[in-house]
Amino acid sequence: MNKNRMEAFSDGVLAIIITIMVLEFEAPEGHQLSDLKPMAPLFLSYVLSFIYIGIYWNNHHHMMQTVKNVTGSMLWANLFLLFWLSLVPFATAWMGNNHFNRMPMALYGFILLMAGVAFYILQRQIIKKQGDGSILAKAVGKDLKGKISPVLYIVAIASCWINNWIPGILYTLVACIWLIPDKRIERMTGINERN
Amino acid sequence: MNKNRMEAFSDGVLAIIITIMVLEFEAPEGHQLSDLKPMAPLFLSYVLSFIYIGIYWNNHHHMMQTVKNVTGSMLWANLFLLFWLSLVPFATAWMGNNHFNRMPMALYGFILLMAGVAFYILQRQIIKKQGDGSILAKAVGKDLKGKISPVLYIVAIASCWINNWIPGILYTLVACIWLIPDKRIERMTGINERN
Amino acid sequence: MNKNRMEAFSDGVLAIIITIMVLEFEAPEGHQLSDLKPMAPLFLSYVLSFIYIGIYWNNHHHMMQTVKNVTGSMLWANLFLLFWLSLVPFATAWMGNNHFNRMPMALYGFILLMAGVAFYILQRQIIKKQGDGSILAKAVGKDLKGKISPVLYIVAIASCWINNWIPGILYTLVACIWLIPDKRIERMTGINERN
Amino acid sequence: MNKNRMEAFSDGVLAIIITIMVLEFEAPEGHQLSDLKPMAPLFLSYVLSFIYIGIYWNNHHHMMQTVKNVTGSMLWANLFLLFWLSLVPFATAWMGNNHFNRMPMALYGFILLMAGVAFYILQRQIIKKQGDGSILAKAVGKDLKGKISPVLYIVAIASCWINNWIPGILYTLVACIWLIPDKRIERMTGINERN
């Protein structure tokens, strides 16, 4: 079984997810700059989600580079990942339309958490298939980012009951962690290293 | 005629179907967890349909592995399949928004039934083209799943006039039958084997 | 310049066109079979448009088989075709929601006509590039279907001012002409042959 | 890292952007030709944006021809470009629904400007990677079009405070500059050449 169609299907779904979010931006009634102002929270949410989907696409791209043959369990682990990512536009819209209120922010974090879990499962399936000397296992290494992210998501979800700035900052922080090239971040977070 | 574009087009359509369903989830007015509660039936319907489209994509992927050249009749059989699958989002929304009421549930089953029929026609076209010693014919074997599914769909549709739990369980059951790897299910349903 | 991306982009656009049409089917309020009844004209329009887009995808697929290198003018001729096809969902919805009223039916025919013209331009660009002994020129031959279709579209548009059955029958007829395999249709319409 | 998935993902996003714009055309209530009249500004905006996305797809296609390996910074520069292009449907709808009013027209120009900047960044990343003797650097040459366009966008945005014809003409002019094959435009604008 070759990996081309799994990549093509994933690219299709991710491309659609990243672009249907923008369908939430309905052109406002008025034509003043001030008519756009109420859309600011939704726009910020969109930017963040766009970056997250971009990161997932990027990581998916890199991970699949190491794969030669696709197994049935990889296909389903991949669909499980796409399922959670497909809920991102809904969570983005709910969060943006409610000015970053508690529940929508917590749900956003929960969906990011589940997507992270799904990505981890997919990674495991691939490493398991590759066996000893797995290229992916080496590439992933200690997988510091993959371990910090869920912790930060959970802290962010819990912090939604304190105020709505902390989760916002934490979600942005996780995105930044993934955006910064690996070497630097590993040095930066060296003190947090746990295994 | 090569099969790449037929695969690419099918992947595109299936990717769109699986993601536009999520457009039905409009962010609710309120920002409480309770505001999400009325969306539960729609969400459940979405999960089921997501799994079904995933199964179809998976099976399509496997089936096309055995194909080298595409004929005109395969292209049209494929479009016939995509047509019925393209109606899944509508049936999903109607079912989810009406709390699994009789008519919407029956329509959902009818569309699944027709998609199954269309998949069978496509399979037949491919086997016919491959002639004796068809790889697909061997791979499909007795096609137990393919034979049980339409029977279960028909029973499910009929049972909509009794209550709305039976069809729901049956639709979930068919999905499970396809999700469980082949060997096990064949042993499990051995007593139902009919040819 | 290779043709893969032009095919991929066209496949993407056609896949989206064929599936966004179904977004027009909003789940009705009620849950009776009778609640679906007012959707019948829209459904019929959808079926017809699905077949038309299917035919275009099919013909595009066949035509591109003969192409090796893509020129700038082919890319733009292709975009011109996709532009007109992208208007099909709008015309389909307007026609279906207005019970096949005169103006919507005429607009539907006009868009089909323009798509036909655009396809012809694309075909010309390819044949021009291939020069003498063009494979496409041979494959197209007298292009009977390509010549009858616009005539039938124009007759259909004009007939909208008589009643709404004639254009409906003519649009269906054109679709059938393209669905029936070539040899047979050429024999069937032999008497209409004009060059 | 190979470029196929980056191309496939970009094609997917651009295909979706170009087709979801048409979702803004909701079938009008009435069925007269006059019922379409209020849609004329939206339709004109759609035509212009369709051409712009077409130009970007075309240029992207050409630029990627010269690329062999994709770097992480190219992937993100590409996503940055797709981000701004994904906002085109929103700006198109706002402009079209407000009869080319000042603010919507200026926003449209701003998004085109940012997309132009993003395309330039992507171009720079590719040239930097290719090093001396970059094929893309040679192909781009003085990049006259790439230098005139942002100037014209800025003039257009400023002119929104004068009237709404000037920006409209300027946006159309930029599109025309890109549509006309290179050689001719270079001769035409020879007098404007600045380096």
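Chains: A, B, C and D, in written order; residue numbering restarts at 1 for each.
The criterion applied here is as follows: a contact is a pair of C-beta atoms (placed from the backbone, for glycine too) under 8 Å apart; a residue touches a chain by one contact, two chains touch by 3 or more.
Remember, predicted model here, so these are calculated numbers, not experimental data.
Comparing the residue numbers each copy contributes, chain A and chain B share less than half of them at their mutual interface.
With chains reduced to the mean position of their C-alpha atoms, the one farthest from chain A is C. Centre to centre, using the average C-alpha position, chain A and chain C are separated by 39 Å. Chain A and chain D have CA centres that are 28 Å apart.
Residue positions 8, 12, 15-16, 20, 23 of chain D are each in touch with at least two other chains. Of all residues in chain D, only 7-8, 11-12, 14-16, 18-20, 22-23, 25-28, 31-33, 35-36, 47, 50, 54, 57-58, 61-62, 64-65, 179, 181 touch chain C in the complex they form.
Chain D makes touch with chain A in their complex at residues 1, 5-6, 8-9, 12-13, 15-17, 20, 23-24, 72, 75-76, 79, 82-83, 86-87, 89-90, 93-94, 97-98, 101-104, 107.
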